[in-house]
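Okay, structure first, notes after.
Letters A, B and C name the chains as they come in the text, with residue numbers starting at 1 for each one.
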Amino acid sequence: MTTELPLLLVLDLVGTFAFGLNGALTAVRAAQLDIVGVVTLGVITAMGGGIIRDVLVGDVPPATFRDWRYLALAVAGGLVAFALSQWLDRLETPINVLDAIGLSVFAVIGASKAVAFGLGVGPAIILGAVTGVGGGTIRDTLVRQVPTVLRSDLYAIPALVAAALTVAAIHLGIYGLPAALVAAAICFAIRMLGVVLKLNAPRPPGDRGLPGER
Amino acid sequence: MTTELPLLLVLDLVGTFAFGLNGALTAVRAAQLDIVGVVTLGVITAMGGGIIRDVLVGDVPPATFRDWRYLALAVAGGLVAFALSQWLDRLETPINVLDAIGLSVFAVIGASKAVAFGLGVGPAIILGAVTGVGGGTIRDTLVRQVPTVLRSDLYAIPALVAAALTVAAIHLGIYGLPAALVAAAICFAIRMLGVVLKLNAPRPPGDRGLPGER
Amino acid sequence: MTTELPLLLVLDLVGTFAFGLNGALTAVRAAQLDIVGVVTLGVITAMGGGIIRDVLVGDVPPATFRDWRYLALAVAGGLVAFALSQWLDRLETPINVLDAIGLSVFAVIGASKAVAFGLGVGPAIILGAVTGVGGGTIRDTLVRQVPTVLRSDLYAIPALVAAALTVAAIHLGIYGLPAALVAAAICFAIRMLGVVLKLNAPRPPGDRGLPGER
C-alpha cells in the first residue's frame, strides 16, 4: 500500500468532494435551508462515515480532522452545491454518479483501515460499509428522511460487497491499488445498476404483492 | 465476577439475539424496508447501546466487534424477524418480552462495565441505562419514530433501576451472578408491569387533563 | 488559563444548567413527554455537545462524566423545566436568552479544549461550534424536529465566530478569561440580534422570492 498510497489518497479526496457536493444537493432537495445548513450537511455527508469509523477503531482525532484538505474539499463541495442548487432538477444523474463514487471509495478505504486497526473479518466489512453509508445516513436523519441505506435500491449491498472484496484481498495478500480499484469499480457498477433498474433487495414476505405500497 | 462470567456472557448473548429479533420486527412495523434494512436495524438495535457505552468508556474497538458471536446472533435475530414478519400481528407479546429481556440484561452489564472502567456512581447508572435503551433509540430515530425511551410506559425507569441496583451491589461488594440476576429480574418485572398496565411516569403539570391528547 | 480557570468553570456549569433547562423546555414544546423524557432531553441538550467533542478529541470518559456537578446541574435544569412547563407560553424570551448563553460559553470552551488537544485551526473551530450546537441537535433529532442549527436565524454562525475568535486568541497568545468573555459576548450578541430581527443567512439562489415558503 505504501507506494500506491498517493492514488488511494487522491481517490479519498475525490470521494470527499463528491460526497460534500452530493450531500449538500440532497439536503437542498429535502429541506429549505440557508447556506450554513447546506454546507454543514455537505460536510457531515463527506466526513461523517469516516469519523464514525475512526471513533470505533480508536483513531482519534479522526483522520479528516488531521488533514485540512478533507475539510476544505467538503466545504468546497457544499459551496458548489449551494451555487448549483437552482438547477437542481437537471442534476439527478450527476448526484447519483457522485454518490456512487463516494460510496465505492469510502467502503474500500474504510474496510482496509479497519483491518489495519486489527478488526476481524465481519466487523471490518461492516465498518467499511458504515464508512460508505454513514455520512449520508446522518444527513438523512437530520433532514428527517428515512436514510437511503434503509429504503433504497441496492445501496448497502454494493458497499458491503466492496468492503468484503477489500477484506478478502487483504487476507489473501493481494491488496493494493489494483485490488482497491476493482473492488470500488464493482461497488460502483452494482450501485449504478440499482439506480438505473430501480432494483431492490427482497422485501419481507408479508409485504409482497401489496398494491400501491410505497 | 470471574467464575460466574460464563452465565453473564450467555445472558449478554441472549440479550443480543433478543434485541436483534425485536429491533428488526419493530423496524418492519414502522417502515417498509427490504431485507438489508430489516437486518441492519436488528443489528443496530442489538449492538448500538453497547457500542455507545464502549466509545464513552474508551474501550474501542467495541466489545461487540471483537467477539464474532455478537454480530452473528444479531444478524440471526434480524433474519428470523424477516422470516416471521408476515405474522407480525400475533407477535406483540413476544416482541415485548424479548425487548424487556434485552433491556434488563444490557442495563446490568452496561452498568457493571462502566464501574469497571472507573466511572462514578451517576455516570455508571446512566451508561447502564444507555446500554439498555441506546440501540432501540438509534433504531427509532432512523425510522422516524419518537424513541420509546422518551414516550413509553416505564421504559427508562426500569433500566435506571437495574443499573442503580448493579452499581449499589458493586459498591457494597456483593456483586456477582445472583445480584446481577436479581437486578435484571426487577427491571424485567417493572417493564412488563408497565406494558401490561400501560403505566406512564408523571407528565408535565400543564399537560394534565388535556382531552384526547395522545 | 490556570488562575482564571475557576470563572471559566463557573461559566461552563452555568451553561450546563441553562442548556438543561432550555433543552427540556424545548422538548416539552415539541412533543408530549413524561418526566423521564423531559429530564433526559434536558441532560442530552446540556451534555451532548461536550460529549461529542470529548469523543472526537479522544478524552474519554467525557469530562461531564468525571465531574458530578455537570450531571447534577443538567438534571436540575430538566426538573425545573418540568415544573415550569405549564407557563411555557410566557417563557419564550428566557428560553432564547438561556440558549444563547449556553451556545456562547460552550463554543468558546469547546474550541479552547480542541486546541489544547492538538487540533488544527479548522477542526478546532468546527469542534467549538459542535460543542455549542451538538446537544440541541441531538435533542431536535430525537423529537423529530429539523435541528435549529440547520434552519434557524443565525445559530451556527455566532457559534463559529466565537470558536474562531477563541482559536485566534490562543494562536496570538492573548487567550485568557478576558478574551474568552469577549468571544462569548460577541456570540451572544449576534445570536440575540438574530432572534430579535429574525435574520437568516443567505438561502440558495433558486429559493429566493418563493411566496409563502416556510
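One rule holds in what follows: a residue touches a chain if its C-beta (ideal position, glycine included) is under 8 Å from a C-beta of that chain, and two chains touch if they have at least 3 such contacts.
Note that the structure is predicted; figures quoted are calculated from it, not measured.
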Touching both chain B and chain C, which chains are there? A
Homomeric contact chain A-chain B: same or different residue positions, threshold half: different
Centroid of chain A to centroid of chain B, CA atoms only: how many Å? 29
Among all residues of chain B, which ones touch two or more of the remaining chains? 55, 141, 144
The chain A residues in contact with chain B across the complex are 55-58, 117-120, 122-123, 126-127, 137, 141, 144, 146-147, 149-151, 156-157, 200-207, 213-214
For the complex, give me every residue of chain B touching chain A. 28, 31-38, 40-41, 43, 51, 55, 60-62, 65-66, 68, 71-72, 82-83, 85-88, 141-144
